[in-house]
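Can you keep this structure in mind? I'll have questions shortly.
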Amino acid sequence: MMRFFKLTQQDWEKFLQHQSTQIAVVSMEKSKHPFKHILFPPHETLFYFRKDTHKELSEIKENKVLYYGLPPCDAKTIQLLGLNLLADPADPYFQTIRDNTVIISKACDHFEPNCFCDQIGGSPGALNGASAILYTVEDGFHLLVNHDWLSEQLVQMNFIPSEVENEKADFSKGSVPVREIKPLPIDHLREKGLSTISKTALWEKVSATCLACGICTFLCPACYCFDIQDISFGRVGKRERTYDSCLFSIYTTEASGHNPRPTIKERWRQRLLHKFTYYPMQYGEIGCTGCGRCISECPSHIDIREVIRDAEQYCE
Amino acid sequence: MDEFEPKVIGFLCNWCSYAGADLAGVSRFQYPPNVRIIRVPCSGRMNPLFILKALQNGADAVLVSGCHPGDCHYQTGNYYTRRRLEVFYRMLQFAGVPKERVTLAWVSASEGAQFATLIKEVVEKVKPLGPNQSFSRDFSDLEAYANESDRSSE
Amino acid sequence: MRNNTVSNPYMTLPVRIAKVSFESEDRSLKTLELQFINESDRKQFQFLPGQFLEFSIPGKGESPFGIASNPSEEIIRITVNRTGFVTEAIHQLEVGDFAGIRGPFGNTYPLALMKQKRVSIISGGFAFTTLASLLDYLLEHEEFGITGYDLIYGARNPGMLLYKSKLDQWKGNPKIRSIITIDKEASGWTGTTGFVPTVVEQSDLQPNQAIAVICGPPIMIKLTLPKLVEKGFQTDQVYTSLERRMKCGIGKCGRCNIGPYYVCKDGPVFSLQQLEGLPAEY
Amino acid sequence: MNPIDHLNNQLRELARKAFQDNGIELLIGYQKGEDGITKPAIFYSFEQVDLLIWDQQASFNLASLVRRFRDKKIGMIAQGCVSRSLVVLLNEGQINRNNLFIIGFPCQGVVDRNQQLHSACIDCQHPLPVIQDCLIEGDGIARQSDPANDLVIELNNQSQSERMAFFSQEMKKCIRCYACRQACPMCYCDVCFVDINKPLWLARTPDQQNNSVWNLTRMQHLAGRCVACGACDRACPEGVNLMVYLKKMNQVVKELYGYSAGLHLGEKPALNAFQPNDPDFFWGKEGV
C-alpha cells in the first residue's frame, strides 16, 4: 500500500532523530561509489571452514539500517540486483541485507552531465524499488512511502498519511527536473539485440578504445558478477566472493586455456547485450539505471549512450 | 611473557648461500633457529613477489642471499638480482616497510661463519620491531574461528 | 545473526572418497567415487543424467563436474581431468579423504522427449561422463521404451577411453550399436580409427524418431553438427551439453552467461534450436 | 588563431597526408565525444580525420592501444610521453617501427580528473617527442616544480610508520579494477600475475594488504620501464596517489643507474642490464 506524507523540515529531522535511537541511520548522497557497495559488498565472506573436520559455518548478520538521501538511480540497485540474486535459489547474503535495508531516496533536483535515467524510461523522481522517496517542496518535503514498516513508524509519530494508488498519483513532486531529450533506442536492443551478435564491425568499433579495465562494471549499480575464492589460514579458511568483471579476460578463461570470449570485442558484446538484451529477456528489466558512472569514470571516455545508438543501427 | 621470536624466511641461492648455510651447520656454528630456508636455484630467481608474499603471509623478516657479485654459477644472475632488489628494497622502504624486515646479503659457499653471524644479526635487528602486523594479511577472523571451533569441538 | 546451513546454496554437503582410479593411461583422468557422510544427504541429492555438481576442496576451491554415475547407484561418480589448480588438488585425494559437494545443478538430458525414440550418443574425449550416466539410466528404465541406441565414442588413443569395462558391456548389448573410434591407428587396436565427425559421416545414423546427444571438445562439436544436419537431423533433435567456466553453479556469478541463459542453471544441456542465434561462446 | 586550434589544424593536415602518402591503414588519435570530452579514437580513413583533435583533456596515453593493431600500418599522433612509451615498446620488441608512422607534436600537458594540470605534466622533462616521422615545431610545456616531488621529499623525511600510514591510506582506496594496468602502455603482459591461479599469487580481495602487494608489484614490474606519463594515475577512479610512488621509483632508477626510460632506441631497460660495478647494496645500509 503506497502512502503519502507531508512533512516539514522539522518533522523530517524529528523522524530521523527518532529512528536513529532504534536502528542505524545513514545519510547518503550521489557519489562515485554506487549504493551497490553496501547491498552487495566488494568482498564478502560466504562461510568459514575447517580443513580437518570439514565443518562449515556461515554467519549472516541482520542489522536493520535506514539509508536516506540517495538518488533514485542508486535505489534501483535493490530492484535490479534482486532480479538475479533472489531468483531461485535466492542468495542468502544479499537477501538478508536487502530485507534489513530501508531506503529513503531523494528525488534529484538537477541532471548531471552524464545522467540519462530519463532517456531509458526512468525519471529522477521515480521510486525505483526504494522504500520511500522524498520530494523537496517549498514548505518542506513530500514523502511517498511504499514500505509497511516505514509507514507504521511514521504513523506512530502522528504524521497523517493519505493513501495513494500509485506513484503517478496527484501530489506535488516539487522540483523534479524534466528536460527535452531524445530517448535512447533501448527498445530496439531489447527486441532485436540478438541480431547484432554477428555484427563484428559494430563490436570492433565500440571496443576499439576500450582498455578492458573493470571500472564500469565495478561502479555499475546493476552489475553483480562475482568470483569465489578460498583463503586458507592453517587448518581453517574462508570462502569469499569478490567482484568480477566481464571485461577481464580471466573471467571466462577455462583451466584448459580455452577462452570463449577471447577478445575485447566479445566481452563488450557481453557487457552491452547482457544489460540491454539478455537481462530483459530473462527478467523483463534492463540492467541499467542511467546513473552515468560508467561514462564519467571510464578512462577512455566510452559513452554507453553513443554505443546504444550505434548498436541500434545494426539491429535488424 | 616469552620473548618475541621472529619468523625469518631465507631465500638462499643453491650454489653459494645454501652451501654456506650447510657449512655453518657442518662446522657447528650456532645461529638462531628462527630462519626457515627456501632454496632457490640462483638469486636471479628471486621474484620480488616472493618477498611480498612471505611478508603478507606473516613472515617477520625476509633474507635473500646469493653468491658474491662476479661469482654467480650462471655468470650474471646475481647482477640482475642486485639491480632488481635494490630498487624493490627502496620502494618497500618508501612504502613504510621497516628496512630491517628485508635483508639482502652475499654469502659464499665457504662463509659458514659469516652465514651464522648474518642470521644472528637479522634476528637481533628484527626483534625490537615486534611482529610484522602492518604488512601481513589480516587473518584475525580466521584465527578467531579456529579457536572458537576448537573449543566447541572439545 | 542466523546460521542457515540448510538453505544456504553456497555451503557444501560432506562426502568421503570411496574409490579412486586412474581412468586413462596418461594419468590425466581420474575417476572418484563419492560417498555421502550423512545418509540423509544422499536422499536429498536426487539427480538425473546430464546434471552436474560442484566439487569443493576447502582451501583450494570448487570446480564443476558432470555426474557420471547412474542415479540409482549409492555412490556418486565423477571423472576429473587434471588441468587447473582445483583439479590438481583433486588428483591428490586418496580413498578416505573428505571433500564437499554442492548440487545437483543444471537441467537433464531431454528424457521425456526420448520416449519411444532412438537415442544416438556421439561423444569425444572425456566429455563422455554424463553420457555414460544417461546410457546407464535409460538401459535400466525400460519404461522409456527406447527403440535402440547408437553409441559413437572417440578418443585420442585406446588408453584415453573412459569406462572401458562398461564399453565392453555395452558392446554385447544387442540394442546398442556401438562404434568406438580412436584418432590414429595404434598397435593392438582392432576397432575403428578416425575422427568422430568422419565416423558420423560414414555411419548410417537415422534422423527418423531419433534424438542425438553430442558432447565433446568444441572443435569436435563444431565439425560434427554439419554432418548430422546432412543426415537430416533437425535442430530440435540434437542436444549438446555445454561446458563453461563456472563458480556459483546457481546462476548468480554471471560468467557462464550465453545469451539469455546461464549454462549452470538453464543448461548445461541445450538443443541446437536454443543455441541458434546466440553467441557461440562455448 | 588560438594556438591549440592551430596545432589541431596542423595535426589534421599531417594526418591526411599520412593517409595519402604514407599508406597508413588507421590513425590513433583523439576526437570529441558527444558530451565534449576528448576521448581516444581510431580513424580509418582520410575523411574521418576532420574529427581529429588534441587538447589538454586528452588524458589517455595512446600508446596503450598500439599493440592491438600491431599487424596493421598504424599512424599516430604522439607527444613526449607517448613517443617515449613507443620507444620502450619498440625496445621490447612489442611493435614494429616499420608499421608505425608517428606525427610528433609538442605537448602542453594534460589535465587530471579534477581538471588540474596533471602531476606528471607539471615537471615533464621531455614534452617533445623523442622519435617521430614528421614533427610539428613548437615549444612544449615549461617545466615547473611539482608538488608531488615535494611529497616524495616529505615522505623520505618521515618516519617509517608515517610512511606506512600514508601508503596504507592510499592502498585502502584501491578497488582493484586494474584500470592502472590497462591504461599503462607498458603493462602488456597477456596474463598478468594477478590473473594466475596456479599458483595463486594474490587473493582477489580488495583489502589494504592485497592492494599493497598488487601496487608494489606492478610498480616493480615498471621499474626502469616507466616513462612517467601518468596515464595510470589519471585512469584511477579512486584517486590513489600512484604518481608519488612512480616518481620515487623513477628517481631511484635514475639515481642508481643513471637511466630514464624511453629516451633512446635500442636501449635495454635498466633492470634488464647490469654493470659489474653497480652500487652494491648490503644489509644494514641506509636506504631511501
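In order of appearance the chains are A, B, C and D, and numbering begins at 1 in each one.
We take it that a residue touches a chain if its C-beta (ideal position, glycine included) is under 8 Å from a C-beta of that chain, and two chains touch if they have at least 3 such contacts.
Computed from a prediction, not measured in an experiment: that's the story for all the values here.
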Q. Given the two chain pairs A-B and C-D, which is bridged by the higher number of C-beta pairs in contact?
A. A-B
Q) Where the centres are mean C-alpha positions, what is the separation of subunit C from subunit D, in Å? A) 49
(Q) Can you compute the centre-to-centre distance for subunit A and subunit C, using the mean CA position of each chain? Integer Å is fine. (A) 37
Q) So what's the Cα centroid distance for subunit A and subunit D, whole Å? A) 33
Q: Specify, in ascending order, the residues of subunit D that touch 2 or more different other chains.
A: 200, 203, 207
Q) Tell me, which residues of subunit A touch at least two other chains? A) 50, 57, 227, 229, 231, 237, 244
Q: Go through the chains and record each pair that touches.
A: A-B, A-C, A-D, B-D, C-D
Q | Sites on subunit B touched by subunit A in the complex | A | 139, 141-143, 145-146, 149, 153
(Q) Which residues of subunit D touch subunit C once you look at their complex with the stated criterion? (A) 197-200
Q) Can you list the subunit A residues touching subunit C in their complex? A) 46-47, 49-51, 54, 56-62, 84-85, 87, 89, 91-92, 96, 194-195, 197, 224-230, 232, 237, 239, 241, 244, 246, 251-256, 258, 260-261, 266, 269-270, 273-274, 277-278, 281-282
Q) Within the complex, which stretch of subunit C touches subunit A? A) 1-5, 7-12, 14, 58-63, 83-87, 98-100, 218, 243-245, 247-248, 250-255, 257, 259-260, 277-279, 281-282
**Q.** Residue ranges of subunit B in contact with subunit D within the complex
**A.** 48-49, 52-53, 56, 69-70, 76, 79-80, 82-99, 103-106, 118, 121-122, 125, 134-138
